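Shared chain: chain A. Partners: chain B in the first complex, chain C in the second.
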Partner chain A sequence: MPAKIVFHAKIESVSILDEQGNFDAKLGKDVIPDTDVVRLYEHMTICRQFDEVAFKLQRSGRMGTYPENRGQEAVSLGAVYALHPDDWLVPCYRENCGLFWRGLPMEYILLHWMGDERGNEIPRDLYMTPQAIPIGTQMLHAVGLAWAGKYRKKDSIACAFFGDGATSEGDCHEALNFAANLDLPVVFVCQNNGWAISVPTKMQCSAPTLAQRGLAYGMECVQCDGNDIFAMAKVVGEAAERARRDHRPTFIEALTYRLGDHTTADDARRYRDEAELKKWLKRDPLIRIRTYLQQRKLFDDSREKALQARAREEVAAAVKRAEEIAAPTSSDMFDWLYAEMPGELATQRATLRTSGLGQDPSQLQEQSPAPSRNP
Partner chain B sequence: MANLTLVQAINLALIQEMEKDDSVIILGQDVGVNGGVFRVTEGLFKRFGPERVVDTPLAESGIIGTSIGLAMAGLRPVPEIQFEGFLAPAYDQLCTHAARMRTRTRSMFTVPITCRVPVGGGIHAPELHSDSPEAIYAHQPGLKVVMPASPYDAKGLLISAIRDPDPVIFFEPKRLYRAFREEVPEDEYTVEIGKARIVVEGNDVTLISWGAPVVQCMNAIDSSHHSIELIDLRSICPLDTETIVESVRKTGRAVIVHEAPRNCGLGAEIASRIMEHCFLYLEAPIQRVTGFDTVMPYYKLEQEYLPEAHRISAALEEVIAYGTATGLGSAG
Partner chain C sequence: MTTKQPKDKSNFILPDLGEGIHEAELVRWKVSPGDLVQEHQTLAEMETDKALVEVPSPWAGRVKELHGQPGQIITVGSVLVSYEIADAGSGQPPEPATALETADAGTVVGSVKEGLRVSDRFKRGEGGEQTAVVPAKALATPAVRRIARELGIDINLVPGTGRGNRVTAGDIYAFSGRSPTTTAVGEPQPETAPATADGAARSIPFRGIRRKIAEALDHSIKTAVHFTVTDEADVTRLDQKRKEYAAVLGRKLSFLPFVMTAVCRALKEHPMVNANVDDAKQEILIREVINLGCAVDTEHGLMVPVIFGADKYSIVGLDDAVADLAERCRNRTIGREELMGGTFSISNVGSFGGMFATPIINYPEVAILAVGRVKEQVLVSEGKFYAGKVMPLSLSCDHRVVDGAKGTRFLTSVVQHLEQPETLVESPA
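And then the complex of A and B:
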């Protein structure tokens, strides 16, 4: 008996506004109204300025290691734009643009990379978790957050962001499997930026697309141009609707590119072809959205000039706010460990010592020495 | 002899062992073309090719789990985990398989892997890039755990680790990677696993440490007028009880210094062994100068967390003052 085909699959790739500025009017109809396109462009420009300033802060010793977001702004921005304000955002560290759109003050991200935990003290009503440093781990939290929403019969869903590298971690696969089999409202947004530090995406995935990872878990999956804010908003909007309506997860592969080094501690010239970078510089998400606006006379040079000035001002003000916050005191590392501080920890906090005599110098007076065998 | 940093000494040891034995292969994240994020494997990809220096998918459990298989088939893999904070996903493979394979199979299978891991704080790194989890792995029977504090020891210990028939976690204190240079013989040599090194001889107190805090101990000794003996353990498991006991029997006093939190840290184990073997020789309670029992804070507070020289000096003064006529108060 000949083998039967029991499964057929196809993967769609969605693009609406391409790198030349060509706009697919049919696909792009009603995705983002023009007034919003202007606001999104302005926001993206400010985020680009933020990124450049953050980079310089690290270079001048005013901040620790920083992962540039440059070139990937449209992914998180398009996604957050398409979500509700109480949908959970579960980011890693290249989603500044979307987080700022949701309302995270820029100095939080600066504080985090300045080595100050207060950068993670994110107001609850922003519905976002702190940046995840251990790769892929946050995806499971997104599944749990979505699960709680479903349990409480809320309308809210969760959106997890992660890189191409993250798709190799076991946690990623567990998250996809849980979400699919427990019918949970999660949108998985994979930022495929071509690299996991120096390792190209093909070392994480031998299939032609990362999107098809979703197929194996029995969930909807789609690829899209991650540098196209319209495509992002559209696919995330559809995935969010599916999540809300059917409690079904979606795996989205957003094709984008890391225009900078992995972080300020990295030097991509060691492993990356300059020609590849040049190609992607032309696909910068900012360029095409500016072209879109100019073609429709929604933006002009004088507004651009004013926007640049505003971006410089807003970012400078955020840097000022971050740098003006007084350094944390040593008690800070003890105070947030438990709801109630155990006694021994309180002693360490009060004395800043771990040695018994340091914690309790009165022993120095009280004790007479034990009989010694030493002369 | 060449004047090498710790990074260069490790690099040299890897090259020499790979030249000598084609069963030695390297695998991990960014270890190939990029030469590792700390450049420890710099040049090895070019020299030994992509079959022996392998960039893997981004999965720590995968790196250690496949290393176990490679080792069971007779190879000597040297996997790298990029930072100690990311050992956690590999914990399962290390503790449930690597550590137990020999026992489970009565030596029919063995797991001679050397898992290299940058460790510890002090370099202003982001969160989960500054922890000191050595006690967690020392607690797992079946694993060996070492941590060199000098380029010379790094080379000799790494060669021993690679040749060791059992799994070794080789922690590399990143704060010392490029902190200083030292004469390192070009010729191959080994530093025995399980043997401590007496760095400075003295009679008043025994100071015991390993990894980056060894340098802080040296600083504390430099600023003290007492006669202090400094022991660098080098091996955390197995522990060189003999060297510790001999020293404390001589000095009657001991201060243990480690970066990891105090609670259930190696300091507790060492203090117990001293107590068990030196009870009547002790002239003061054993002191521990360690990280606090907190999560390793972000880098703005790491200096306050780490057992820096001033805290070590204070403990030395106190432990010497204890029971002596002067009744000296707290020194800091």
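And then the complex of A and C:
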């Protein structure tokens, strides 16, 4: 008896606005209205300025470390644009653009990388978790948030962002299996920028796409051009609808590229081919939207000039606000760890204050303001 | 790490350009003394052990002096660039510089503006201490909450006496006025199961002597390559000799001192068995002296005191020495040095009833003899049956040092000495 074929698979790759400026009018119909395209472009430009300034803050010793977001802005921005304001965002560290679009003040990200944990205390009405630095852990958090939402019969869903490297982690596979098996409303957005620090995607996955990892767990999966904000908004919008309507998760592989180094402690020139970088510089998501707007006469050079000035001002103001916040005191690491401080910690706290390692107790009298919580 | 820069912006201190970078090589300067630079403008290209990086200016100002030549290694924390200090009269630093000037500590509360509201949560009370907040929702474990639910009590109304004002089961019962031995529906609770019920286990941690024993035996069995050979000695005549001896001396006398003497004699004939191993040095030490370890059972566990120069003792002397050591082991007055330095050990398992054994060597010794219970048996000699006393003997050796043939020969020698009690009781030559 001939073997029956019990499973057929196909992975679609979605692209709406390509790097030559060709726009698929049918696929892109009503995805983003033109007025919003302008706003998204302006926002992305400000984020690009933020990224460049943040990088320089690190180089001049004003910030501890920083992972550049440059080149990957469209992934998180398109996704967050397509989501509801109370859908959970569960990011790692290359989603600044989407987080700022949701409403996170820029100084939170700056504070975080300046080593001030208060930058991680996200206002509750923004529905986002702090940036996950360990790889892939946040995917399980997203599953938990979606599960809780479903249990409480809420309409909200969870959207997890992670890199290509995270798909090699056990946490990723646990998250995917739970989400699919328990019918949870999760949108998994994999930012495949081709490199897990210095390890190319080919070296950690033998499958032709990362998208098909979702297939193995029985969920919808799709690949898309991550530098195409229309494609991002469309696939995430559809995934979000599937999550809300059917409580089914989706795995989205967004093809993108980080134009900078992994972090300020890295030098990508040591392992990446310059020709590859040049190829992707042409695919910059910012250039692509600008081309789209130019073609439709929705933006011009004078507006561009004003926008650049505004970006510089807004980012400088955010840096100013972040640097004006008094540094945390050495006692803070004890004070905010437990609801009730265990005895040993109280002893350590007291020892640190009197040992000369920590700050002088008189210094602690000064009040340090922090970024706001809920009013 | 962020790097603290001087407030007057006179000097730019080289920061950590990556994560944990201590120094960087100056590749080339991108500015010259006298240049007016903007914030974020590149001052120099530097190479760390990880990356070639551009170092930007943290503020706007006029460059006064560049510290270092291309090719020079600059340590993080040293001055890279000196700036003219702008004063009211001369310098006119560009606008962005003022951004940092308001950042003085102490005035921060007032200068935080739009977008940042001071959080009540982060406000510190007097002396920087938190003020205790009494939670509206009671703190309690799920088990305690369940008791409250079953008794129909709102746990949030129950004053908590536990740690951190947690509500305990006792608090719930006190609040309800019920005793914990009756349930909500008044059913009697089953009697508490006795601690020694079937399947119950008592956990005893490895501590003190028990741990020492465990560690020593574990090390021995993992290090020495054990093999055991057994034999029997016809001690019919020895038993008679022993009884005669005891009658003459007017005291009880066990087989043990006789066995020890037989072992001493056999060790002299087979010096390879009277040895220690030094695994660190990969050496076998053939010992000139015979120091016999003698396993003693105490309430704390096994101890092996040593009779030094055992071959020099008489039978009675050995019996006295063993009794003394055993007594001092049991009352824990034995010296540490008396528990070390053995060259061979004897374990008298027979005093508890065993016959054969596979004794574990008292490392770093290379052999140990287990003496079993002496039993009356029907024996055969030259085709004739006779009733006799038999002593089972089990010898374990470290095969790395003592081969099977050598070990067996040694054991045979012990048996022969035991079977010739007349020579055994003679004083050592």
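Here is the rule we use: the second predicted complex is superposed on the first by the 351 of 375 C-alpha atoms of A that agree within 3 Å, B and C clash if a C-alpha of one lies under 4 Å from a C-alpha of the other, contacts with A are read in each partner's own complex, and residues count from 1 in each chain.
By our rule, a contact is a pair of C-beta atoms (placed from the backbone, for glycine too) under 8 Å apart; a residue touches a chain by one contact, two chains touch by 3 or more.
Remember, predicted model here, so these are calculated numbers, not experimental data.
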| item | value |
| --- | --- |
| Partner chain(s) touched by A:269 [first = chain B, second = chain C, both, neither] | second |
| First, second, both or neither for A:135, with chain B first and chain C second | first |
| First (chain B), second (chain C), both or neither touched by A:59 | second |
| Which of chain B and chain C A:340 touches, first, second, both or neither | second |
| Which of chain B and chain C A:11 touches, first, second, both or neither | neither |
| Touching partner for A:27 - first (chain B), second (chain C), both, neither | neither |
| Contacts of A:107 with chain B and chain C, given as first, second, both or neither | second |
| Chain B versus chain C as contact partner of A:330, first or second or both or neither | first |
| A:182 touches, of chain B and chain C: first, second, both or neither? | neither |
| Touching both chain C and chain B, counted on chain A across the two superposed complexes | 64-65, 114-115, 265-266, 270, 361, 364-365, 367-373 |
| Chain B-touching residues of chain A, taken from the complex the two chains share | 64-65, 112-117, 133-136, 165-166, 168-171, 196-199, 203-204, 265-266, 270-271, 327-328, 330, 332-334, 337, 344-345, 348, 352-358, 361, 363-365, 367-374 |
| In the complex with chain A, residue positions of chain B that touch it | 29-30, 32-35, 37, 55-62, 85-86, 88-89, 124-129, 252, 255, 262-263, 280-285, 287-295, 297-302, 304-305, 307, 311, 314-315, 318-319, 321-324, 327-330, 332 |
| Touching residues (chain side chain A, partner chain C) in the complex | 53, 56, 59-65, 105, 107, 114-115, 118, 261, 263-267, 269-270, 316, 319-321, 323-326, 329, 331, 335, 340, 361, 364-373, 375 |
| Chain A partner contacts - residues on chain C that touch it in the complex | 1-3, 5, 12-21, 40, 50-58, 96, 99-100, 102-103, 105-106, 108-109, 111-113, 115-124, 127-128, 130, 164 |
